[in-house]
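We just call them A, B and C in the order they show up, numbering each chain from 1.
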Amino acid sequence: MIKLYLGRFRKNRLAVAGLAVVAALALAALAAPWIRPWNPFAQNLLERLQAPSLAHWMGTDDLGRDVFSRLLLGTRISLSVGFVAVGISLVIGTTLGLCAGFFGGWPDMIVMRLVDIMLSIPTLFLILAVLAFLGPNIYNVMVIIGLTAWPGLARLVRGECLSVREREYIQAARLAGVSAPRLLFVHLLPNVVAPILVSATLGVGGAILTESALSFLGLGVQPPSPSWGNILSIGRDYLHVAWWLSLFPTVAILVTVLAFNLLGEGLRDVLDPRT
Amino acid sequence: MLTIQNLSVEYYRGKQTVPAVCDVSLTVGDGEAVGLVGETGSGKSTVALAIMRLIRPSEGRISAGHILFGGQDLLALPDPLMRNLRGRRIAMIFQDPFTALNPVMRIREQMAEVLTAEPERDPEPQRMRYTPGEALSLVQLDPSRILDAYPHQLSGGQRQRVLIATAILRGPELLLADEPTTALDVLVQKEILDLLFRLQKELKAGMLFISHNLALVAQYTQRVAVMKAGAIVETGVAAELFRHAEHPYTQMLLAAVPRWRVP
Amino acid sequence: MEAQHLAKSFAIEGGLLKRTLGYVHAVQDVSFSIAPGETMAIVGGSGCGKTTIAKMVASLLSPNQGRLLWEGVPLTTLSRVERARHIQMIFQDPFASLNPKLSVGVQLGEALRIATGVVDVRKRAAELLESVGIEPDALVHYPFQFSGGQRQRIAIARALAPGPALLIADEPLSALDVSVQAQILDLFTRLKKSLGLTILFITHDLVVASLQADRVIVLQDGRIVEEGPADETLRHPQHLYTRALLDAVPSVPV
């Protein structure tokens, strides 16, 4: 079965490209302390706002710090925000969605109303308000993005669950006397895991975008810690004199989100032969 | 009227091609009903798709043969002329009446589409044609109730009648029916097939009736071709086939028909 | 097995507020009993309520009225595992009735472990597969690797795993090719003899029903219109509807 999926995945060139970029980013994030050419925190006011050169591949910022080294460290932060936030929303969304879809009745009623409420709150403003209240730091950012990203996933899982629940193989398993937890986790979950995986992959891109937006607004990762968003935020002030300060973080965000989306779409095609 | 000569069709599987139909020859005379019998994967539906030229270029191709219809080779016909033929002179009735109708269009609109798809210049004179109301009456439906209905308001049997009515709108010379009743139960199946073949006789249209059920095919058609693994293994007059089938596969299909234990 | 005055209706909901607009009476006042070792067929056109009855007997649906007794004891008082040991079901579409993500071995093994005290589950599962004419190495394979007929055999093996006394077969042939249908029918006949199974056979084909069953119930619009020994019903159908069903079956001219 896995062989079949691998074979189909390999044929999907865009998805393979997406996976390659994601893998390269993950590797860069892990190896950042060893491969960065400069100390990302070392200021050098004599060399501030230098254009890209052999010494500073992506130039320097307003305090003379090496942009490439800061972007590398930012990769680490952006990816961890993406993965942790999606991890949190995955656990909440899948659990609630499965319960709602499988049990129906009042658990379904409660979960779905909760989803409706969450979806009707403008998420970014909620995040901004909470961060303003709790204080902006990287951990709060991860948790709050995770806590607001699950409703879509819960709704998706519930829908899949509702249709799979009525399939004959689930009824056959019931007849064989399979207990409810086993029915839920062994029989039902593997049949809804494909859309969950796809949505999670797409979610990582979304979380990275949200983190960048928050850092850009000054409520995400706090200087001097670098993140793609706050480098971009500095770049805005020097847009006319130092284009490199805006360009490289933008490209980083764009490429990363694009890679995750390609990977997600690819997974959807591979795991769901209907399309 | 329809002559298929040495037709071969292959489908693409990755870089390889898989033969679906091999060297099939078959004729349907004017007003004649011919049965094409075979099991899943025998290539019988592919033959129908090839006649209609509905095999997607991305999925497969007709690798050899000719399909002559009224003296023209359909396979050599330019696309616009083929579009003229489809639905007008050759009509197809599909297997699943639940997916062959567009769920968001009223029956009136779906039937009108066939009529308004009028070619700029009609190369052939019209034989006859019906208004949607007349066609529905012919399939024993009440036009005043059905025309403004949506597909979901109709039963499976009613939808299949609507599909038949749509197929005869332009007075086609050839009808292709691919397992038109497998989604229906035996009682509705009998009603629909009785109706379909009565209309075929009235229209004096040729008919290629495709099914996996040999007994059913023999009941309604004069000649039967049996297909296995892409090739025709036996052709014969229906009644004769039952008395002495030659090919072991035909004998097996016959043996599979439940016989009554009582005379 | 006995069914007393079964009735089931489904609410038709409509509009934005999901108000109940009315009820479809799928099954109305149906009573029957099946003796051990007997094969009974329930025959009728689509929408006659035959599948609803099958699902109620299998406890997949609960009746609005009436009750189901197993050797005099209401089915509802039995535990999940006890019910699994008594009653199993085979579904119409073998492409939908096996879990695509679990290997054949897992699906058979689970049914064995839950309902029986078999120690060597693997060996027993292989035996079950052999009894339905499937190679034992199928255990490690997934459903998508099998044809429709093979899947239906595997589904039968799974249904047999708990060692049920009553097997419900809901149109087990209609999704299969004609030649495969004959093989599966033979398999039923063989299993019935060797295992002494009681079978509730649901079909729209009166001829198949009569060949397979000892007794036949003809159902129309959720009510029993005719009931009797299979031979008798086929030879002298009493009710108009039964005659229509019989006429509609395409058969070989003899």
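We adopt the following convention: a contact is a pair of C-beta atoms (placed from the backbone, for glycine too) under 8 Å apart; a residue touches a chain by one contact, two chains touch by 3 or more.
The shown structure was predicted, so the numbers you read here are calculated from the model rather than taken from an experiment.
Between subunit A and subunit B, the least number of touch steps comes to 2. Of all chains, the one whose Cα centroid sits at the greatest distance from that of subunit A is B. Between subunit A and subunit B, the centres computed from C-alpha atoms are 51 Å apart.
One finds 33 Å separating the Cα centroids of subunit B and subunit C.
Distance from the subunit A centre to the subunit C centre is 48 Å, each centre being the mean of its Cα atoms.
By the touch criterion stated above, subunit C contacts subunit A in their complex at residues 58-60, 80-81, 83-85, 87-89, 91-93, 96-102, 107, 110-111, 114-115, 142, 155, 158-159, 161-162. Across the interface of their complex, subunit C is touched by residues 39-40, 156, 184-190, 212-216, 218-219, 239, 242, 252-263 of subunit B. Touching subunit C in their complex are the following residues of subunit A: 1, 167-179, 182, 186-187, 190-191. Against subunit B, the residues of subunit C that register as touching in their complex are 45-46, 148, 177-182, 204-208, 210-211, 231, 234-235, 244-245, 247-254.
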